[in-house]
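We call the chains A, B, C, D, E, F, G and H, going by the order they appear; numbering starts again at 1 in every chain.
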Amino acid sequence: MKLHLYGFEAASRLLLGTAQYPSPQVLHDAVKASGAEIVTVSLRREGARERTGQRFWELIKELGVRVLPNTAGCRTVKEAVTTAQMARELFDTTWVKLEVIANDDTLQPDLFGLVEAARILSGEGFDVFPYTTEDLSAADRLLEAGCEVLMPWGAPIGSGQGLANPAALKSMRAYFPETPLIVDAGIGAPSHAAMAMELGYDAVLLNTAVAKAGDPAGMAEAFAQGVSAGRKAFLSGLMEPRDMAVPSTPVAGTPFFKLDNAS
Amino acid sequence: MKLHLYGFEAASRLLLGTAQYPSPQVLHDAVKASGAEIVTVSLRREGARERTGQRFWELIKELGVRVLPNTAGCRTVKEAVTTAQMARELFDTTWVKLEVIANDDTLQPDLFGLVEAARILSGEGFDVFPYTTEDLSAADRLLEAGCEVLMPWGAPIGSGQGLANPAALKSMRAYFPETPLIVDAGIGAPSHAAMAMELGYDAVLLNTAVAKAGDPAGMAEAFAQGVSAGRKAFLSGLMEPRDMAVPSTPVAGTPFFKLDNAS
Amino acid sequence: MKLHLYGFEAASRLLLGTAQYPSPQVLHDAVKASGAEIVTVSLRREGARERTGQRFWELIKELGVRVLPNTAGCRTVKEAVTTAQMARELFDTTWVKLEVIANDDTLQPDLFGLVEAARILSGEGFDVFPYTTEDLSAADRLLEAGCEVLMPWGAPIGSGQGLANPAALKSMRAYFPETPLIVDAGIGAPSHAAMAMELGYDAVLLNTAVAKAGDPAGMAEAFAQGVSAGRKAFLSGLMEPRDMAVPSTPVAGTPFFKLDNAS
Amino acid sequence: MKLHLYGFEAASRLLLGTAQYPSPQVLHDAVKASGAEIVTVSLRREGARERTGQRFWELIKELGVRVLPNTAGCRTVKEAVTTAQMARELFDTTWVKLEVIANDDTLQPDLFGLVEAARILSGEGFDVFPYTTEDLSAADRLLEAGCEVLMPWGAPIGSGQGLANPAALKSMRAYFPETPLIVDAGIGAPSHAAMAMELGYDAVLLNTAVAKAGDPAGMAEAFAQGVSAGRKAFLSGLMEPRDMAVPSTPVAGTPFFKLDNAS
Amino acid sequence: MRIVVNGEVTQTAAATLAELCTALGFSEARIATAVNGDFVPEAARGQRMIAQGDRIEIVAPRQGG
Amino acid sequence: MRIVVNGEVTQTAAATLAELCTALGFSEARIATAVNGDFVPEAARGQRMIAQGDRIEIVAPRQGG
Amino acid sequence: MRIVVNGEVTQTAAATLAELCTALGFSEARIATAVNGDFVPEAARGQRMIAQGDRIEIVAPRQGG
Amino acid sequence: MRIVVNGEVTQTAAATLAELCTALGFSEARIATAVNGDFVPEAARGQRMIAQGDRIEIVAPRQGG
């Protein structure tokens, strides 16, 4: 079964960021290796001479993937809304990864500004992908505001710590059985991504763990497999962990078995 | 690069157990889906009427995989040695997964009996795959005894808890950089298997998590991907987790940036 | 140094709940054993015949402790505000543990309703103790709203899981170095309470772990010591955990030491 | 109920190491503050001029505590046995903390050498306190060898990581309900010590976390309370952690309750 | 007149909240009150008239966490 | 006239935002613009007059996470 | 003669382990054998005499973890 | 005669371990001794002859963990 996001259907459940790669070629190879159909991008001040943005745009077009512009670095509702409006024109898409940052040490979302900005942007016809936390009261309001997708963090952006609070992520999944939920940020290894998918999350969005890997393309492929592994496991019904050991090999018929050494 | 175990070369780094499947057909499908080239088996008392073992043997032959007989249920050196000798004749292989069990609640190895049995069997020309713990003093003696592979547990057999002591498994990997190390037992989900491979382990052996899954064949495929994901990640150079958040999107050029709201 | 909460000075850094005890006598003994100077209470519908509340009030008065009425069970701002107003008259105190619950499975706070109710009640002269999460954007607004204390959860109420997200609690402590921070809810054992204090939290509030213990008075004393132990450790400067082992006993002068077995 | 170790009765369940303190005075104050009745010591090569050992011996005598000499740094059975014999004469005690080290990075015990040395020393009338791991097969043999106490590590010596494998420590406690079990090494904070005691361990032995604290005497007192807190909690019957939240405040009688907002 | 006291339908002849509390036997009791979701301080109960269908809360101290 | 473009003080003779973009060499470039914090769509740049002290943002696509 | 086969007391007239296996219907079966805890290879079954009270194990392949 | 005391090569004229300890100034000191890896109790030091190349350990109490 495919992933549905605002009517867009994706076979891949891995969304990839485009920042921090050692070179455009490595970025290109990593995106290809990841199988990602959606990549995040941003917008930044352009210098007429450097024309950095123009060259980056060419690169993205070649990749033939769907772009999800973010509002990274925005600290206020106003900054986020204007940035989203500029992004819509620049990337010719109604999609926006909405970030309203509360704090520079944790880069965690300002849940209040996030909900307000989400309401405004949804009203203007944007398809909002809110970067949020596992907080259920914010999640409820984001859905009321018109969001059809939620993107809770796994851990602080770029920390690579994995899932800091799996119990809270479980509650969120249980509380929103139907809403597409994407773990965004904090994922440092394929095992983290697999775990998120085993919890029933619909997709994973990451950037640093691939871009900063020794071999980004190889790591991108590793994450693609990790995400797929976790998804398949979730669909196949995972065993419940048990406190005690249980023999896998049958006990009946064990040679040399006598009652006196029976357990 | 392939996995080398006593001169046998395997492309797959997932070893699968053959017990606890709902039916022979499901076992067959799970082994195929796992891509495993090595499966564990055991020997048990045979009844002339039932001929259970004869039918199981036909099934295994069809699979065309390498078999690794175990000594599951053995509590003494003598039982383990005789069981290994019977297994060698029965399965026509010098390979043996050596289990000498210390305790029925945890099914953990008796490290002392294990080393003694490994010494005897290696002397008789067996290729011993010892089911051990992450203890380094036992590992040293198992290698002295002639073992070329070590199989530390992840957690108690059948518990599905994953890696109970990752720090100790890391030490073991660092202490034995060249020896093939296989995490055996306790793996409950692909994320656990991926984590073991990310730590640099050479392979993973499991049974219950696949056999007891809602869809064993689907879960077998999930584990195959999880193991491959972890291996690729290890080879591609994982990022180091960091305590603090680090922006992935470039900070330079952020619109609306003024010195007074700089952080 | 003592704990300061809205001008009240407490020597004890353990706040105790008064619910779920097997009998009034056991509650009385537990409060005494805990050394708590502040206990939480609630208000509920009174039946003229039973007069349950009247008897409970006598019991509390005998204890001679400061009461902190809660708004447990309130799901809306309106319910919470009116409950707080009734509590102020009933208990003759401006203190209120403000709870606005978002969800019945996790009993986590509705951060948005919480901030709104906190603003209203602070405006009416209440001293608000908000039951919140480790979210920094809610914390900022609670302080703006007039709160001088924050009470983030450790884990879901009554779960006894301990600190579900220590990294987030660390960030909160670092972000609010001066504000009194009390871990409220989820504490199941003295080790959890000690850990919260070791992170630099100012106090711990709990109920179930004591009330549901086999011996509540004994457990109350255990928690008093655990809280004190954690506080002392924080003030005494905890060592940093290290990845590798470091000999405690001096290496120099080890007998039988020869260069050839030096490490 | 007091702690019984080879017939010695101790009220305190905290054993303290004497190494790494900034000064003899600080060591003295820390031991006093800890309330420890047993301290570990070692023996090292003595220079006639410095007479370091002579001064240390005076210091220890003043403390009026029971000494437990260790064999720290010994890598072979022979070294450990001779060191124990010298210690017996030097400290005039049959007690010995037996360490046979397998590996310098983890300082973990060589379980095989440990059992052999324990057998020899018990035979010579020593009261052996073996520094071991949570391995049950080694534990069984240590008891057979004559040990009446077991001291499994919490984590590598000096690492301060706490309990690396709580599940294994639980198994050990369950498997040896009667044997005095002391968690030795790896404890970094009072919360770790409390957790060990909550698991039912009989005592805790530590050194670095106190000696390297900013204020060793303050930290020693903190650990004394943490150990006592954990012990009291164990005796008072800890609640079981629960997956879901459970209201502590009674639900019945909640004001404003209507069926339509009942959960 | 039919009102709802603490969630239960009740018949009363009381004109004010104060009379109601007395009629219900709460004269000396330590209680607090609300009518239709709004807090009514003790001092105001005498003036607070009761109307058909009012939802009245009468609460007292209780254990809490 | 002194304005601020992308955070840097700039002298310009351009009357409109469109003229400014051309003057700065962004004629064909894929850019988006804002004046004093408000988004100005491409189509509106011709009518958007520029005044002394305006804070103008001219942005383009960039890598993002 | 009374012996124990796979943990169960059995009467047999077989003189050797080979005869016993045949008598029990294991002629063509893929099995391995042990007597009183010691492995007896297939080739040796013919010479291995059976005595009263011998504990005999006859095992075959089975599922394992 | 050349021996090794606590890991350092030493010249001595002492015939016995007791003499050596005195010569080295350990007469009253609280020490324990070993020769070539074997413990030598205080009482036996007088009879324990020292030979060329002996490895001698002289230890005293020290801080320990």
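The rule is short, and it goes like this: contacts are C-beta pairs under 8 Å (C-beta built on N, C-alpha and C of every residue); 3 or more make two chains touch, one makes a residue touch a chain.
Just so it is clear, the model here is predicted, and its values are computed rather than measured.
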Open item on the list: By the touch criterion stated at the start, how many steps lie between chain D and chain H on the shortest route?
Closed with: 1
Task: Set of chains adjacent to chain C and to chain E - done: D
Open item on the list: Counting C-beta pairs in contact, which chain pair has more, D-E or A-F?
Closed with: A-F
Open item on the list: Please identify the chain with the largest separation between its CA centroid and the CA centroid of chain B.
Closed with: E
Task: Intercentroid distance (Cα basis), chain G paired with chain F, Å - done: 94
- [ ] Measure off the straight-line distance from the CA centroid of chain B to the CA centroid of chain C, and report it in whole Å.
- [x] 44
TODO: Could you please state the distance in Å, as a whole number, between where the Cα atoms of chain C are centred and where those of chain H are centred?
DONE: 61
Open item on the list: Can you pull out the residues of chain C that are in contact with at least two other chains?
Closed with: 17, 19-20, 42-45, 70, 72, 79, 82, 86, 105-106, 108, 156-158, 161, 167, 207-208, 243, 247-250, 253, 255-257
- [ ] Hunt down the residues of chain G that sit against at least two other chains at once, touch-wise.
- [x] 6-7, 34, 37, 57, 59, 62-65
- [ ] Using the contact rule from the top, write out all pairs of chains that touch.
- [x] A-B, A-C, A-F, A-G, B-D, B-F, B-G, C-D, C-E, C-H, D-E, D-H
Open item on the list: Can you tell me which positions in chain D touch chain E when the two form their complex?
Closed with: 247-250, 253, 255-258
Open item on the list: Can you tell me which positions in chain B touch chain A when the two form their complex?
Closed with: 17, 19-20, 42-46, 70, 72-75, 79, 82-83, 86, 104-108, 156-162, 188-192, 194-195, 198, 207-209, 211-216, 218-219, 221-226, 228-233, 235-257, 261, 263
Open item on the list: Please output the residues of chain E touching chain D within their complex, sorted ascending.
Closed with: 6-7, 34, 37, 57, 59, 62-65
Task: Partner chain A, residues of chain C touching it in the complex - done: 102-103, 105-106, 108-113, 115, 133, 135-138, 140-141, 155-156, 161, 164-165, 167-168, 171, 174-175
TODO: Report the residues of chain G in contact with chain B in the complex, numbered from low to high.
DONE: 6-7, 24-26, 29-34, 37-39, 41-42, 57-65
